[in-house]
Amino acid sequence: MLLGRSGRAAGALLTGARQHARNHAGSARVDLRGIYPPIATPFTPQEDVDFRKLEENLHKYAEIPFRGLVVQGSNGEYPFLTEEERVEVVKAVRRSLPADKLLMAGSGCESTRATVQLTEKMAAAGADVVLVVTPCFYKGKMSSAALLQHFTKWADCSPVPVVLYSVPANTGLELPLDAVVQLSQHPNILGLKDSGGDITRMGLAVHRTQQQDFQVLAGSAGFLLGATASGAVGGVCALANVLGREVCELERLCAAGRWEEARALQHRLIEPNAAVTRGLGVPALKQAMEWFGLHGGTCRSPLQPLTQAETQQLRAAFSCNGWL
Amino acid sequence: MLLGRSGRAAGALLTGARQHARNHAGSARVDLRGIYPPIATPFTPQEDVDFRKLEENLHKYAEIPFRGLVVQGSNGEYPFLTEEERVEVVKAVRRSLPADKLLMAGSGCESTRATVQLTEKMAAAGADVVLVVTPCFYKGKMSSAALLQHFTKWADCSPVPVVLYSVPANTGLELPLDAVVQLSQHPNILGLKDSGGDITRMGLAVHRTQQQDFQVLAGSAGFLLGATASGAVGGVCALANVLGREVCELERLCAAGRWEEARALQHRLIEPNAAVTRGLGVPALKQAMEWFGLHGGTCRSPLQPLTQAETQQLRAAFSCNGWL
Amino acid sequence: MLLGRSGRAAGALLTGARQHARNHAGSARVDLRGIYPPIATPFTPQEDVDFRKLEENLHKYAEIPFRGLVVQGSNGEYPFLTEEERVEVVKAVRRSLPADKLLMAGSGCESTRATVQLTEKMAAAGADVVLVVTPCFYKGKMSSAALLQHFTKWADCSPVPVVLYSVPANTGLELPLDAVVQLSQHPNILGLKDSGGDITRMGLAVHRTQQQDFQVLAGSAGFLLGATASGAVGGVCALANVLGREVCELERLCAAGRWEEARALQHRLIEPNAAVTRGLGVPALKQAMEWFGLHGGTCRSPLQPLTQAETQQLRAAFSCNGWL
Amino acid sequence: MLLGRSGRAAGALLTGARQHARNHAGSARVDLRGIYPPIATPFTPQEDVDFRKLEENLHKYAEIPFRGLVVQGSNGEYPFLTEEERVEVVKAVRRSLPADKLLMAGSGCESTRATVQLTEKMAAAGADVVLVVTPCFYKGKMSSAALLQHFTKWADCSPVPVVLYSVPANTGLELPLDAVVQLSQHPNILGLKDSGGDITRMGLAVHRTQQQDFQVLAGSAGFLLGATASGAVGGVCALANVLGREVCELERLCAAGRWEEARALQHRLIEPNAAVTRGLGVPALKQAMEWFGLHGGTCRSPLQPLTQAETQQLRAAFSCNGWL
């Protein structure tokens, strides 16, 4: 069913990305529909990755109807992990993840060559799909042409299908829509995770790629209803680490066309979602996870624990919407 | 400072606006549901207001199931009109407008006193509702407290119900949501026209004002479906000046819960809408109006006519979506 | 479109402003060197212009070696005044101002036609020079071409010489340098007041207009030394309303090449300047004026008085630099 | 003379940052005055580091009166290099650099722990001073408190003195001035490289740290004169890779108080500087190096070579100022 994984087996003797693309084009696309928590990375008090706590979280997630997990997204603090740690975390998730769930791993780096290399390691470590963020340090030079070349090279070389990732709040850069449309024609590019929250842009991305079976994922639970109404097929939602069942339920209501119920649920999720994302960030996500029976804990420095006032603000975002 | 609901009981001695508010509270709220074109202002070659052309446009609009018209919004080039011209245009529209359509007139000025004065003139000229944009020149000082005071004073004094207006692309300022929520309790404030396009914010505005019968209008056709799915009751859409029937049809499909059809229509409207709003602005709106049998013409200086390349770009936005 | 220098020869048939420009070209340019306070507008408790207090301020200013005054700049709350009030204030200043001081009056409006009309009234009211801010409501459409046309028309028509004004903190728009360079060739355009604080841009403006005797004025006391070192000829400085002698002394030290002393003085002015401009704005400027024996008072709504905490912060900015 | 290096020798038996700080505090500060090119990293056609070309560049630079070199700054494409490559480049520079020149090495990473580790490696590889950029991926959470903790931990642990680095064009984040002032009290923090170009801020940084012998370096040649006039002690200037003698001459003129000559030279450097920095970026810097007899070559992907139009634009920036 999952082309990425079976395709990988069949592809053992093939070389080169074009070969891959040819194979890929001849078979079914990976179906991305559904909800993915971009999982947090628990640390020990010494700031080392705590693999035991990670596994315990994965056991909890196994009971929730997620389509899969995103590993090493922004909420996984990937910029703070070494390359080795990033790969080890993917391996650990692979060991625990039920076979019917997708493992989508972040492998974005600033340079094209590092991105290609890490993508290969992620695939070898068990990723079904890789997700690559826009490079951003030289943001003034990340023209459509530069980004097209970067993502095309990466998609050409990746042993597994890939998903584009635009997250302007972190990168200060939005992947231009024209580049998205061109990249949608690449046989190894499945879709786009868009965390910018611009519903008009998401609708247009769906519209302009309708010939390509290109799948758009909302990058946040705050606009999941609007995105789905506009044609997105699911979401990668930080809040799903905390309120996983509820976010899945929202997606299910939308998919079933039960918009009134969906709206009521969506509305109650906006404030908790804002608090754990742009409002208070990863430290808040990890704090809220603790309240809901998951291991969150502290972040790596320089990310700071919440102040007392921030913790109260976070709690209020959940409690005044009936979640705590 | 805000007139609470109970404050309305002790209205015996109130005069003017407070009297109005009391009266208003005793009767049905104005129902804003539906689509409003923010009409353009046609000029003669000498850049004077062309009232004849304006009237001809209004005759065309009378055949379209609009809920009403917005007069002297951003697309009406109000910052280029004198106060007298602004009032004259409202009078002219009043004369032509069928009685069952709402006339919503923009009366925003930078100072509170000027806003109050112009609001009174607009009401006297026949406006059913007035719309006031956030003051913005001193944007660094437009705190929630300052905006609350401004809009409360205005709503207190207005002889007709009022609608808040947030349009950050022009003002560089978003009306803070906390201020919106507080202002929603004012008996004379009907709702908010939000042109920012942030669907999460619009959903939250609906959610946090659900006790107040507060009505949110999408400020653009590009996110009308998403906004409606999130609880908006209609839209003030520049594109409705050009594709009025189609925008009304989109709103009708959403209201009827026919989301699949709505989505297909919404997608075809995004690019034309972007072209006549943030892409190429009012000159493009007026050019497109000419193509669709309405009087657009040139803008007042310093707004420039489209270049040839821009005109082609505008045409493509309509033609590649099947509208031309 | 721009009147070239040679274009001035064929002036036989010119009338009005072109005639003026021709005349002007035949005589000495107005020398702008020096410091100008952009004067505040005092109001009565009813928010009417308080002409008596204004006059008392002018008497105090007469003792300070200013080059002149800017009337109806951003610090004069011009967006809150009616056109009539703006002209009346200029007339009042003209009556009090010693003949050897320049009266530079702001006459910017959003439309070209209104700007031209108000400029004529300002000249008739006694302005020696008029200052025009970039139109900004349709900021997305204020291309170099649009701004060139706007400022050229205005400079063509103005009976007195004119100065360009770029203040991005208020307008969200910077007058593009290419437009500045082209406009510098206009015989009736004397210079640029640049409040953006980008010293590189100011240096380049001086460099690229060196053939035109174009005069650049720093728009704030915070970067007066750096601007002067880079070739600016003086400054329009809000802080000069409060510490007028000190700002003039800073300019004198720079002009005399006494950079060590200039630097020490400049450093002590940065924090007070920041507090009365971008930090706490016009209400802080007016509060500080009160402390230094001038009439400040309250602003028109919606500008709010300082909170107690803000007042303390303002006081600290002066006291920790030895001014209070 | 250079404490960083001699202090390192004497410190062999000491452990801990406090020990270092104590030593450091008891002896002379490293004097940073002067100009530093942030050197580019030449690559082979296969995008590997070309150490031979690097060495040839260093031989050319040895003839120019630089105070030292910055290795692995933004212009060195450090985000595209592996940690090993970053260290190898520092070692290579150390081998070639005359003993009287400072080697300032960039060792910034997103996490505090990685920054500390790389700093130790850089010191071991021969860096006299290390330079650390603000972490920026989680920019919404990089409060003063977070940055204080990050930089303090790093300065505590660094075996060599350190310099703070703020470059908002790349990071989307400005190191807050309050944090700078607090950090200036750390005995191991020498100063700040500020690339933001805000001269007011730089003046205030000098003013508020005057008790601490804190040294501010301008981060670009475009505002070198203004920064020096405001109290900066030198500059890290990309343009010094191309016009090294001229940038040194500008600094010498400023230091000697010859402001008229300085201004004339400064003005001719603004456009070339803008072209190789914010205008056209590192690819332009490397192209211009080729024109001036140095090895520039291509960048690592995704940075793209200049288009033909961009190359012409770059050439014009040099030629119209008399450099080509």
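Order of writing sets the chain letters: A, B, C and D. Residues in each chain are counted from 1.
By definition in this document, a contact is a pair of C-beta atoms (placed from the backbone, for glycine too) under 8 Å apart; a residue touches a chain by one contact, two chains touch by 3 or more.
By chain, UniProt protein names: A, B, C, D = 4-hydroxy-2-oxoglutarate aldolase, mitochondrial.
The model shown is predicted, which means the values in this text are computed figures rather than measured ones.
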Where centres are the averaged C-alpha coordinates, which chain has the largest centre distance to chain C?
A
CA centre of chain C versus CA centre of chain D: separation in Å?
37
Chain A-chain C separation of Cα centroids, rounded to whole Å
51
Where chain B touches two or more other chains at once, the residues are none
If you connect every pair of chains that touch, what shape comes out? Choose line, ring, star, complete or other.
ring
Can you name every chain pair that touches?
A-B, A-D, B-C, C-D
Please give the residue numbers of chain A that touch chain B in the complex, ascending.
197-200, 203-204, 206-207, 220, 222-223, 225-227, 229-231, 257, 259, 263, 266-268, 270-271, 274
Touching residues of chain A toward chain D in the complex: what are they?
47, 74, 79-80, 82, 110-114, 135, 137-143, 145-147, 149-150, 153, 169-172, 278, 281-283, 300-304
